[in-house]
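Two complexes come next, and they have one chain in common, subunit A, joined by subunit B in the first and subunit C in the second.
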Partner chain A sequence: MNLEHDLRRALRRESPAPGFANRVLERIERAPERNLMVQQPPRPVWWRAAAASATFALLLGGLATYKLVEYRRGVEAKEKVLAAMQIAGEKVRLAQQEVREIGSQH
Partner chain B sequence: MTAIVPDVIEFPTALVRSKAGDHEAFAELVEQHENMVYSLAYHFFGDRSRAEEVAQDVFLQLYRSLGSIESDAHLLFWLRQVTTRRCIDQVRRNRLKAVSLEDASELRARDRSEDPLLDRRLKRLISELPETQRAVVTLRYQEDLDPSEICRIVGLPVNTVKSHLHRALQALRRKLENTP
Partner chain C sequence: MRKFLFVFLLTLLTAMPAAAQKINLDFPELAERAEEEVEITLDASMLRMAGKFFSGHDADERAVRDMINGLSGIYVRSYQFGSDWEYDRNLFKRVKAQLGATWKPFVNVRSKTKDNVVIMADMRGDKITGLVIIASEPREFTIVNIDGPIDIERLSSLEGEFGIPHITKERDRD
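Moving on, here comes the complex of A and B:
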């Protein structure tokens, strides 16, 4: 048995079903025009660098805004805590005063 | 005084006319190369419908890329390269081992002297080879290409192609001897 000879015979060219070229042309006609356009060349390097810079700037801006909002929230919370402590201190002072007054009556 | 008249008037080839937007010329191009493209895919997948699909995709891609095709020789190289790479890519993406039922039903062929049965058995064994070996064997024995030509199509060094071919033949011989 000559394997190479057998392979040549087994792998001889075969034909597709009749009408192959017509089927290809039908697909070309059906395909949207934009898909049949030659693919656009890749964008130039400067364009990609500009896009990357813009994306980076947007990210930085977003991060800065987030930090600012967080900072403001922190300040507000601190102010609320201080106000609460002030109110609580005032109430304690009033309570002490009342206790002293009751003590002096007895 | 004599006028110099060319012996043969050269008509533009189907490629040139296709590039100028002539659809009939493109159909002519497809007809010229459909057997080669379809057979590469068919011998790779062992499946006619899949081969038809791949072959159509290749010609669709050719239609889009006509502007970059420089000559008929370039066209032939381009078609072989795109078909082979599409086949390999599809297998790598899907990891499919396509053996049609039509072919699989005749795998129990015992008599090696009967050519149609041996052909089917060989086709089945080829479809079981790893994808690169399969492509190299198909290009070698269907298209009768040398390893130096195959290496340009599959994008591998020539020694790697020779090695794939050697291993594929070894595997085929071994399987032919060991399977009934």
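Moving on, here comes the complex of A and C:
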């Protein structure tokens, strides 16, 4: 019996405080921007595709620039290696030549 | 704290020999007097990068690639002067003084009036793990340091390849 009584008490209809409806309507009127944002139509698909393409193009451009810089550095390093080998080889040959000449004199 | 100090000292001690092996090839007084200067500094990363640009199909390029493979660095300083013996001839000694006990003279050509060439090799057992070439000519002073295992015969045989010109010096022997 207590349960039935408790349920009735909990589910009983209660009237809102006076002026409740007006307060709700006022709050809705006070936040027009928020309502507009919610009602804004979704951005078109082409806009997303353009953004994705631009990002992809930027990435490709960055990669191409990196590759070009690396290529130039590699070619420069190769030229330096050849120049260094030329100088080193030349001096070793100079030493060999000197040793041969000294040997032939004796 | 003690453990940290021990590890720090150990790291310092192991790093010291490597630092000690670094040879200073830069002599500002030479660069100031020289009419022409060639300075090439190629560390291990630059050599690795350069190695990728040598063709594996061409035998000559492959030879260079194999030669630089495993090297830790190539350093060249070459100075040309306007008149004879414009520089301190004792620079030989200053470079040699930096080399440790493992460095042995490979070739030593000395002359009071003409070219001097010293080739020093860092010998570890039977292997050459480094090379210093000091060539002192009346109007030119050149130091080359190759850090790493190198075959001298192959090095001298490279001249004349890849557009590297054969250099035949006119000798003015009496």
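The working rule: the second predicted complex is superposed on the first by the 64 of 106 C-alpha atoms of A that agree within 3 Å, B and C clash if a C-alpha of one lies under 4 Å from a C-alpha of the other, contacts with A are read in each partner's own complex, and residues count from 1 in each chain.
Methods note: a residue touches a chain if its C-beta (ideal position, glycine included) is under 8 Å from a C-beta of that chain, and two chains touch if they have at least 3 such contacts.
None of these values were measured; they are calculated from a predicted model.
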{"item": "Partner chain(s) touched by A:Pro16 [first = subunit B, second = subunit C, both, neither]", "value": "first"}
{"item": "Touched partner set for A:Lys67, first subunit B, second subunit C, both or neither", "value": "neither"}
{"item": "Partner chain(s) touched by A:Lys91 [first = subunit B, second = subunit C, both, neither]", "value": "second"}
{"item": "Partner chain in contact with A:Lys78 - subunit B first, subunit C second, else both or neither", "value": "second"}
{"item": "Partner chain(s) touched by A:Ile102 [first = subunit B, second = subunit C, both, neither]", "value": "second"}
{"item": "Subunit B versus subunit C as contact partner of A:Arg48, first or second or both or neither", "value": "neither"}
{"item": "Contact footprint of subunit B on subunit A as seen in their complex", "value": "1, 3-4, 6-17, 20-25, 27-28, 31, 35-39"}
{"item": "Residue ranges of subunit C in contact with subunit A within the complex", "value": "38, 40, 42, 46-47, 49-50, 52-54, 64, 67-68, 74, 76, 78, 107, 109, 115, 117, 119, 131, 133, 135, 142, 144, 146, 152, 155-159, 162-165, 167, 169, 171, 173"}
{"item": "Complex interface listing, subunit B residues touching subunit A", "value": "23, 26-27, 30-31, 34-36, 38-39, 42-43, 48, 51-52, 55-56, 59-60, 63-65, 67-68, 112, 115, 118-120, 122-123, 126, 137-138, 140-142, 144, 169, 172-173, 176"}
{"item": "Subunit C contact footprint on subunit A (complex, rising order)", "value": "70, 73-75, 77-78, 80-99, 101-102"}
